[in-house]
Amino acid sequence: MFSKYATKSPWLYRINTGSCNGCDVELATTALIPRFDVERLGCKYTGSPKHADIVLVTGPVTVRSENYLIRMLNEIPDPRVIVAIGICPISGGIYRDSYSIRGPLDKHVEVDVNVSGCPVRPQSILDGVAQAIGIWKDKIKQFHEA
Amino acid sequence: MITLSASSVFAYLLFPGGLFAVLFGLLLLSMGRIAVARFQGRVGPPIYQNIFDIIKLRVKEVLIPEDVTNKLMFCIAPVFGFVGMMTAIFILPVSGVYGGTGASSDLIVLIYLLALPAVSHILGGSASGSTYAAISVSREVILMFAYEISFIIVLFTVALAAGGGDGAQFSLKGIVDYQITHGSFISDIKMIPAFLAFVIFMLATLEVPPFHIAENDGDVMKGYLMEYSGMPLALFEITHALKLLVLITVLQVFFMPGIAGASIIVNLLWFIGKSAAVVACIAFIHASMPSFRVDQAFKFLMIVPILLSLMSLGMILFF
Amino acid sequence: MIQAFVDSGNVISSIILAGGELLYFLVFIRVIRIVFLDKYRGGKLEDLKIQKLKLTYVLLAFITIGGFLPAFAVQPFVVLAGFMGSPITDLPPMGINWPLPVLLLTMGAALVYFIGQKSNKTAGLLSALVCLLTMPSLFFSSAGTYGISFAVLILFMGTLQFVYSVSYMEHSHKQYRFYTFFLLMIAGLLGVSLSGELLSMFFFWEIMSGWVMYLALSHEDDAFSVREATKYFTFNYLGAAFLLVAVAVMYNETGHWSYSDMAANFQYTQPAAIAILLLTLAFLMKAAQLPFRIDYQMHPKPAPTPISGYISSTVLKSGPFMMVKIFFLAAAGVTATTLFPLELIMHVSGWIGALTIIIAASFAMLTNSMKRLLIFHTVSQLGYVVVGCSLMTSMGLAGGLLHFVNHMFFKNLLFLCAGAVFISTGTDKMDKLGGLARKMPVTFICFMIGVLSIAGVPLYSGFVSKWLIYHAVMDSGFIGIAILALFGSVLTLASFIKFMHSAYLGQMQDNVKDAKEASWYMLLPMSVLAGLSILLGIFPGIALTPINSMLAEFAMQPMDITISSVTHGADSIDMLFIAATLLLGMALAVLVYVLTKTKTRKTHVFVCGVGDLTPEDSHVSSGNFYEDAKAIIKGSIRLMKKTIGLKGDYIER
Amino acid sequence: MAGFFKIAIRNFLNSPTTDPYPFGETFTPENYRGIIDYTPELCIGCNTCEYVCPSGAIRVREKEDGSGISFSFWLNTCSHCGNCGYYCPTDAVFNSNDFHTARHQSEKFIPTIDDGISYVQCSNCKQKMKRPVEALLARAYEEITEEVRHQTSLCPECRRMKRFERM
């Protein structure tokens, strides 16, 4: 019914697959410090993957965190958008050929938006989230047609 | 038998009951979020944010944990809280606007209705089978165990004060009328400690930061709402909004039911103004207070509000 | 002999005599226990031939005749004393009249003993039939509506209990013996409720809480259950000793046994006040108030569930039942000057009830065993009944009696659910259980209805009686009792949530994997009781109309009620109205659910993606619930023990 | 706790300090290392940038048709360390202020910069060679005479031969 207004409240969820926490600090600043308040877009950090709409993944999917990531990704309800934050999930970044990472994120799940940078600037995260909201809108439409 | 007259159905579903209460509660919640943001120096979400949260949740897919022990209980749990709050709003009189149902608008019914959201959190959390939810259920019950005492004592103090010396006045309408004639309790020195105790109780029931323990993002993440998504979660959000509104109405029924004017519109604006002021104060405390740990909160709740309410109970009884 | 002492005016020596009798009993019970009940480890034993026992049988016959028809046995001695020059002038008429239903039940018990040896099913169904058939015979008995309605409830609960125990006692041995003693106990209880005189009431009181119960309780025959049953039996015997002395003093004061004439010429003299005090004390002890040593005061944990459920829900009610009768008997003869002692006794028993609610509910927070938690809650709910009845106002009495009835239903329901869980999983410890709701859904739903009604949630039966009690307590101005009582309901809810989560919800433990739903015999009584709890929640008038007639019988001003609402002065409550709003709300919520047509999907429980957690370490069991609340309760227990000189902490007996 | 109350009230009174980024411009410090920029004219194809880049974001290869050198930069693996800008002798590669790095998944494998320089014919032996760059000459000689200008048009071998003859 109102599904076109649904995109006004995207809830963000952070998954850290072994990142150096550089990007996680940037993620924290986008929400909590007054300067880059992500709540203006209606976003809110949620505590559980089951409430997530836009999933922000950081870290180069290290070997240890791989199957945890896979289990958590199928715990996220469907019209969702996966955003890779920082160069590590996109291409493995500076650890690209290392033996201990299991490749970029899109080997495990189909990613929608890549926000590269090491670490990512909060403004570009906001950019990424804005783009993700756009993608999320057509995903909701597809989800309801299906 | 039940008098399901048109006015009571209208009161239940539309004006001070369902639609108005849900929308007003959600607006109050998002107003609280804006106020907290402004106290932290950021812009904060738009005013209609919580309403769109509900709409968004309607669109989402519903996830059922596979080793949930009882799928039926998992889905029914949110309904308890929602139903309790809808009935509470229906029986609570808003001074000058809506007279309450008269028949069973009673203090003791209010106590048990106010406990229903906590019961629905507990049932939902433990039915979902998640460990985080179980831990947060145990915290929720410890808190309920602690803040219920002060609520009961405040309730009896108000009942006795409204009784005017000859026994207790249990009907909510009676309390409101007594205060309108004899001046509301907020202006009465004897009732100030009870007012403070009730505010502490409100903070503890609504899980506002000094007592943001059962759903604390730090350790238990989303607590009992961990396994919920989609529409059941929306029901929980609506119950939370209704609970905020119910508590504000109860605060006004108990302590400041003053009437601003004769017409309903003026009183309604006065009611909305008072609610906004209360939400602002709650947001102020939310923005400037860190959260307790469970045992600190338990110790605090077992000492401060109980002493405050006993003080005002003593004053009411013996002076 | 005690009567003689009381006649000659010194009550103290009669108390000493009763004490001596108690000591004798302690010695004798030890003999019985060791000789008959403990496991026999010696060689093969064969019974004596019937001829050698002829003499003992004759003696046995003479004793039983003396017991049943005392006047006949005393007659020759009166004649003998006449010769010896000191004629016995006014012997108290010791006749005990047996109400018809009690006779029927005892015959039924004998019937079950002989016929029931074939199989457990026949014995169980037969005894259920016996209870059902004696119900119509109640209408001929002369007791007032108060006695008859209690009797109807006794028999109704008895039938449910027997239908339940048909499948519960499947695994145990010699069930017919258990059914016979159970039926005799019900007969005793029936006698207490129907008897018109104090003496026959005392006679049936002895049967009810005497040997019959002891042998039924120690049915499992293992050392633990026999030891616990002996503890409970000695406690009952102590209560009965108080009763014996009080009954003698009451007869001495009023010269009559039957309640009506006793009420007629009851003057307030100093011994009479002591008698009333002793009676109240005995009845409070029967209702296990102020539970300091719960293993003595309450029926033992290892007893089979049907009988422990029945004792908790019905037999313990005889305490408050008789207390109300004695209060109103004494109140009838009261005058303004002598009002003070009766008022004091009632006020003190009100406070005892309130303290019991808090103490029992906080003990219930500590225990980890299912049955013990339910036992503590029985005691705390009885505290509500005692608080209600001891207010002596019409609303208080109505509230107390309504809670009396409601508690009977939801407490028995909770016990039957615990029994069903015990049978299907074999363990009574809540720590070892978890996730039962998936395997036993119907038991879980009944259990939930029981929990919600014991906590007093509006749609269920516990709420109305608590509402009445709170209003009555506040009207008569006891703020402290009201606060304690209301807080007690929070404690009850907290401990039942611990029980619900650790036994039924949470992660599925592996010892619960093979648990299967309870059999049809168990589920029928459970669902009947659950239905009744909801019915009484929405239409309290069903129970309130007979209560109103009882109020009239006690010369109190009846409450003005309709089928579903209770009005008392300014404030009133309409349960159907509340139920309608609640159901309207539920319909609204379900409508909202149905409108959203989204897909649902099954996923893992979110534990940060960790996959290798076993159910044991991811289930929050009852041990680690409410550490802080338990710390405060344990602290206060330690403090209380220190004040009375004991050391140590809460010991889970 | 009193400190918090003061801060909260001060925040409440003066207006929020949120940066209106998605809906307005934001402040970027001038030496912020954003996406790198590449000016082909200055590039001499010396491969130092590829060599110093820690995450291998820059790739300088011979063009397939051998007509020059291709310089391709892939943003998604650049860690904005600034090594390339620092080591590039002729500052052909430098860090711009552009921080807009959010890309859709479909654009993931398109190189952000795909440019190159083409070879120049040696005026003497008509062989392909990298062309000289003014900046480098300025650094090598104080003033660029006609002689120097002429030599820049020769390929290294011809220049060596000419130098040999002059000796």
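Labels for the chains are A, B, C and D, by order of writing; each one numbers its residues from 1.
Criterion: a residue touches a chain if its C-beta (ideal position, glycine included) is under 8 Å from a C-beta of that chain, and two chains touch if they have at least 3 such contacts.
Everything quoted here is computed from the prediction, not taken from an experiment.
J.: Could you tell me which two chains share the largest number of C-beta contact pairs?
T.: Counting C-beta pairs in contact per chain pair, the top pair is B-C.
J.: Please report how many Å separate the Cα centroid of subunit A from that of subunit D, as a whole number.
T.: From the centre of subunit A to the centre of subunit D is 30 Å.
J.: Could you put a whole-Å number on the gap between the CA centroids of subunit B and subunit C?
T.: Centre separation, subunit B to subunit C: 38 Å.
J.: Which whole number of Å gives the spacing of the CA centres of subunit A and subunit B?
T.: From the centre of subunit A to the centre of subunit B is 35 Å.
J.: Rounded to a whole Å, what is the gap between the Cα centroids of subunit C and subunit D?
T.: Measuring from centre to centre gives 90 Å for this pair.
J.: Residues touching two or more other chains, restricted to subunit B: which are they?
T.: Residue numbers touching two or more other chains: 37, 40-44, 58-63, 226-227, 230.
J.: Would you give the residues of subunit C that are in contact with at least 2 other chains, written as numbers and ranges?
T.: Only 599, 601, 603-604, 606 qualify.
J.: In subunit A, which residues are in touch with two or more of the other chains?
T.: 34-35, 37, 40, 48, 50, 75, 77-78
J.: Pairwise, which chains touch?
T.: The set of touching chain pairs is A-B, A-C, A-D, B-C, B-D.
J.: If you look only at subunit D, which of its residues touch subunit A in the complex?
T.: Listed in rising order, the residues are 11, 16-19, 21-22, 26, 54-56, 74-81, 99-105, 108.
J.: Using the touch definition from the top, list the residues of subunit B that touch subunit A in their complex.
T.: Within the complex, subunit B contacts subunit A at residues 33, 37, 40-46, 48-49, 52-53, 55-56, 58-63, 215, 217, 221-223, 225-230, 233.
J.: What does subunit D use to touch subunit B in their complex?
T.: Touching subunit B from subunit D are residues 1, 4-5, 7-9, 11-12, 16-18.
J.: Where on subunit A does subunit C make contact in their complex?
T.: Against subunit C, the touching part of subunit A is residues 48-50, 65, 67-72, 74-75, 77-78.
J.: Given the complex with subunit D, which residues does subunit B contribute to the contact?
T.: By the definition above, subunit B touches subunit D via 37-44, 284, 287-289.
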